[in-house]
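What follows is a set of structures to go through.
One chain, chain A, appears in both complexes that follow, with chain B as partner in the first and chain C in the second.
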Partner chain A sequence: MAKITFITSDNETIVAEADSGSVMELAVANSVSGIDGDCGGVCSCATCHVHVDPDHVSKTGEASEIEADMLELADNYNERSRLCCQIEVSDKLDGVVLHVAN
Partner chain B sequence: MSTSTNDQTCVIIGASHAGVNFAFALRKEGWEGDIIIYDVDPVLPYHRPPLSKAYLTSDDGIEKNLLKSAESYEKESITLKLGSWVESIDREAKKVSLKDGEKQHYDKLVIATGARPIIPPIEGLADAQNVYPLRTAADVTNIRQAINEGAQKAVIIGAGYIGLEIAASMKKLGADVTVIEREDRVLARVTSPEMSSFFETLHADNGVKIEVGKTVNKIKAGDSGNLVITNDDKEYKADVIVVGVGIKVNTELAKEAGIEIDNGIKVDSSARTSDPHIYAIGDCTYHHNPHYNRYVRLESVQNAVDQAKIAAASICGKEVKYDAIPWFWSDQFDVKLQMVGLAEGYDEILIREENTEGYKFSTWYFKGDELLAVDAVNNAKAYVVGTKFIKDQKVIDKTKLVDSSIDFKPANLLAE
Partner chain C sequence: MSEMNKSEFPDPFEKAREERGFGEVNDQNDPVKMLLRLKDVRKTAHNWKTFQSGAEPGRIVVPSEVNIRDTRQIPFEVDPPEHKGYRDLVEPWFKRPLEAEYQEKLTEIISGVIDEALEQEEVEVVEDFSLKLQSRALTLLLNIPYEESEVWIGWGKHVFRSEDTDLDADKANILYDYLDKQIDKAMENPGEDLYSVLLNSEVDGRKLTKEEVKGVMILTFAGGRDTVINAVTNSIAYFAEHPKSLQRLAAEPEIIGKAVEELVRYFAPLTHMGRVVTEDTQVCEHAVKADSRVSLCWASANRDAKVFENPNEVVIDRKVNPHVSFGFGTHNCLGATHARQILAILCKVLAEKVGSMEITSADENIEDWDEFKRKVGFDSINVKFNKK
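Moving on, here comes the complex of A and B:
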């Protein structure tokens, strides 16, 4: 079971728990504003953009090539940007803090 | 907010990509009154694109594929009335009537009725076994069930994106798949001959049989499955038949209410119909695209979501104009296709191949110097760079573009 904290652009904090599925699915299930997931999680829309908290980058790992390419010209891109449909929930993620980019 | 919406009701017909995104956007824009969405589909609103792709080949239930969670609707006080068919709109009384006789008043009405699959009038189709379209979650359940019950041979009628995605997915499920297409190439209505030929090769390499230039004349139902008979008298065995020959927009409600129709429900740049209290969004609309300066009807999530946001802002008193560059995607086998722009009217095609193993290239459509559209195959970089060039209307150096030794960055490709 992993506990994941989302902080939206309006500074709302939502804590959610899961043991499988993608982080995007978890965000949508918990009505996290700013995570739309328009493409259903196939790395095509960039509406699931988050910034991983600087202390937690090791938990989420690196973006794949296609994900990094999608992010490169996205609004509010920074070096800690991820498309959270590409992050699978696992115990490793426990305690991670994600800032919604949009 | 120009006026208070406290005691006003916004009614939405259709709870899919357009209607659901609209409802949430309307709350975000500050609408305080009631929001009621009707949909005849009894299932909590879900993503449609995965139906022919990953969802079809998974064992997932629809709960893994929802547009929004059930709690989200509660949280935003959005009333979902599922399993309800809206029968008519009375514009004078500002009421919609449901099939069960219920009537609901509206102050603002949003038509997001989308489209339905065309079922062609093929002799014997009605009596054939396991014949399904693919537009709803229930259709997927039927197709999965047919496969689980041992259906081996599948015939897909129609080689559009949905038909080809279904073919790839059913192949993955282990079926023996044949696609029959009336035109002389796959994707004839939606892409260039170059891309059609790529997809024909991709499917052939993966063991899907593609028969182009053939029409299905007749289907014979028998004890051991169906026989699909084409105009050249060839017979194809089919335990399951999936019909993917295109869609018909659901404009009847609007039309009967006297709302202007023109290849879809005609809307202005704020998604408003010819009735100022009624908006229309998504697949059912015929709208102007300012970037390409022409009217279009689009079948895409992008358009459904973007029009939803525009309509919500407009209803809440904002001056907004729809001005989006269309984008779309398709996943087949291990190929991810991402498209941006509208290629229609192109006079030149350039293909950039990347120096990697496997398929990775992009097709660039120009009209003179103007970049109209890009089809990117396993190449998200081409997709985002193309998007940027189309949006910014900057001129590309075509020689540099096709030189894959030049790093794929907008700054490197600008014409001098």
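Moving on, here comes the complex of A and C:
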């Protein structure tokens, strides 16, 4: 089981738990505002954009090249950006803090 | 047995995309440079300052509609920052397809169309399946009585085109006159439909004008008609020739979301959309002049082998699928939530009710973009639907 913390752009904190699926699916199931997941998680819409807390990049890993190309043109892009539909939930993620970008 | 190829949609852009990155179409002496690579399409869509949508109304559409209309389509032909005001206004309304009640009603509509098809010996899918489905579903999106769909179905497949010409001002006027009447009706008798909601809403502290309301409404008809009809028709053709995929969706409904994205990627119901260049600049290392036109070729970008493995195959559960069938950036498709729900429910109900489908004859709709001839759908396609 991984405990994941989302902090929305208006500073609401939502803590959610899961053991499978993508982080985007978890966020949508918990109505995290700013995560819409329009494309259902295939890396095509960028409505699941988060910033990973700098200390936690080791938990999430880095974006793939395809994901990075999407992110580069997204609003509020920075070097900590990820599309959270591309992050699979696993024990490794436990304790991660994600800031919703939009 | 007929060969399995009616549901194949070849990629006419491959050579030009790999060799040059662009193609050229002449259109009423206002040529268009088509951008063919995914990266260039995205970058150009992103850069709305240099590649604008808010040009003379009709000019970003190919073939250009400057000679047949003056009404500016909203938010489609408006650039930031004004774009945002309009878009924010309509966005929540166009997200209603995410509500459970909307999805239930849409399921009823789609089940109804499929039941009708199962009853018949054979169905011409474009007119008697997709046009009906699209029109009935649009009553939900606009929140108006179901019966109104009869009027739109009566217009036939080609609201805008007559037999001999692609651009027909008289035909476009059918839609404009219809919308004028509906707006007047909603002004006299406000209800809970999209017309009334728009008439009642404000941008920048002032009410929308009648002309602006018309500019928004026209898009729900123009942008959401052929695109949805082609997406639905082509999906039927695909499942007719790939019964295993349909069986798989019945067994694993959780992949339907991915299947929808993949079908939309592969079919790219809208081939391309233009932009007007505002300053001398370069695209894919090629000079383009101020006041010329480029287009973002979604259909080509979706087959870019730099990004998509096996781009010319439908991989029904494709996991990473950064397609641009719904556009990219500022003007990404406002109707995408509705279109995605239509296709997802179509997949679900087909998988539940239909055992097999058989194409008996088909007439392809081939778009002519000078050096590129692209199959975008069918003028007509006859299919037998068999119960499960």
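Here is the rule we go by: the second predicted complex is superposed on the first by the 102 of 102 C-alpha atoms of A that agree within 3 Å, B and C clash if a C-alpha of one lies under 4 Å from a C-alpha of the other, contacts with A are read in each partner's own complex, and residues count from 1 in each chain.
Everything below uses one rule, namely that a residue touches a chain if its C-beta (ideal position, glycine included) is under 8 Å from a C-beta of that chain, and two chains touch if they have at least 3 such contacts.
These numbers come from a predicted model, not from an experiment.
Per the definitions stated earlier, placing chain B and chain C onto a shared chain A by superposition produces a clash between them. With both complexes placed on chain A, chain A has more residues touched by B than by the other of chain B and chain C.
In the superposition on chain A, A:44 contacts both chain B and chain C.
By the touch criterion defined above, A:21 reaches chain B but does not reach chain C.
Of the two partner chains placed by the overlay, only chain B lies in contact with A:29; chain C stays clear of it.
Legend: residue contacts after superposition of the two complexes on their common chain; A:66 is shown touching both chain B and chain C.
Residues 38-40, 42-45, 66-67, 69-70, 73 of chain A lie in contact with chain B in one complex and with chain C in the other. Residues of chain A that touch chain B in their complex: 21, 25, 28-31, 33, 36, 38-40, 42-45, 65-67, 69-70, 72-74. Those residues of chain C that touch chain A in the shared complex are 39, 42-43, 46, 257-258, 260-261, 307, 318-324, 326, 328-329, 332, 336-337, 340. Those residues of chain B lying in contact with chain A across their complex are 17, 21, 28, 47, 49-50, 53-54, 64-69, 71-72, 75-76, 301-302, 305, 329, 331, 336, 338, 378-381, 383-385, 387-388, 410.
Residues 38-45, 64, 66-67, 69-70, 73, 86 of chain A are the ones that touch chain C when the two sit in their complex.
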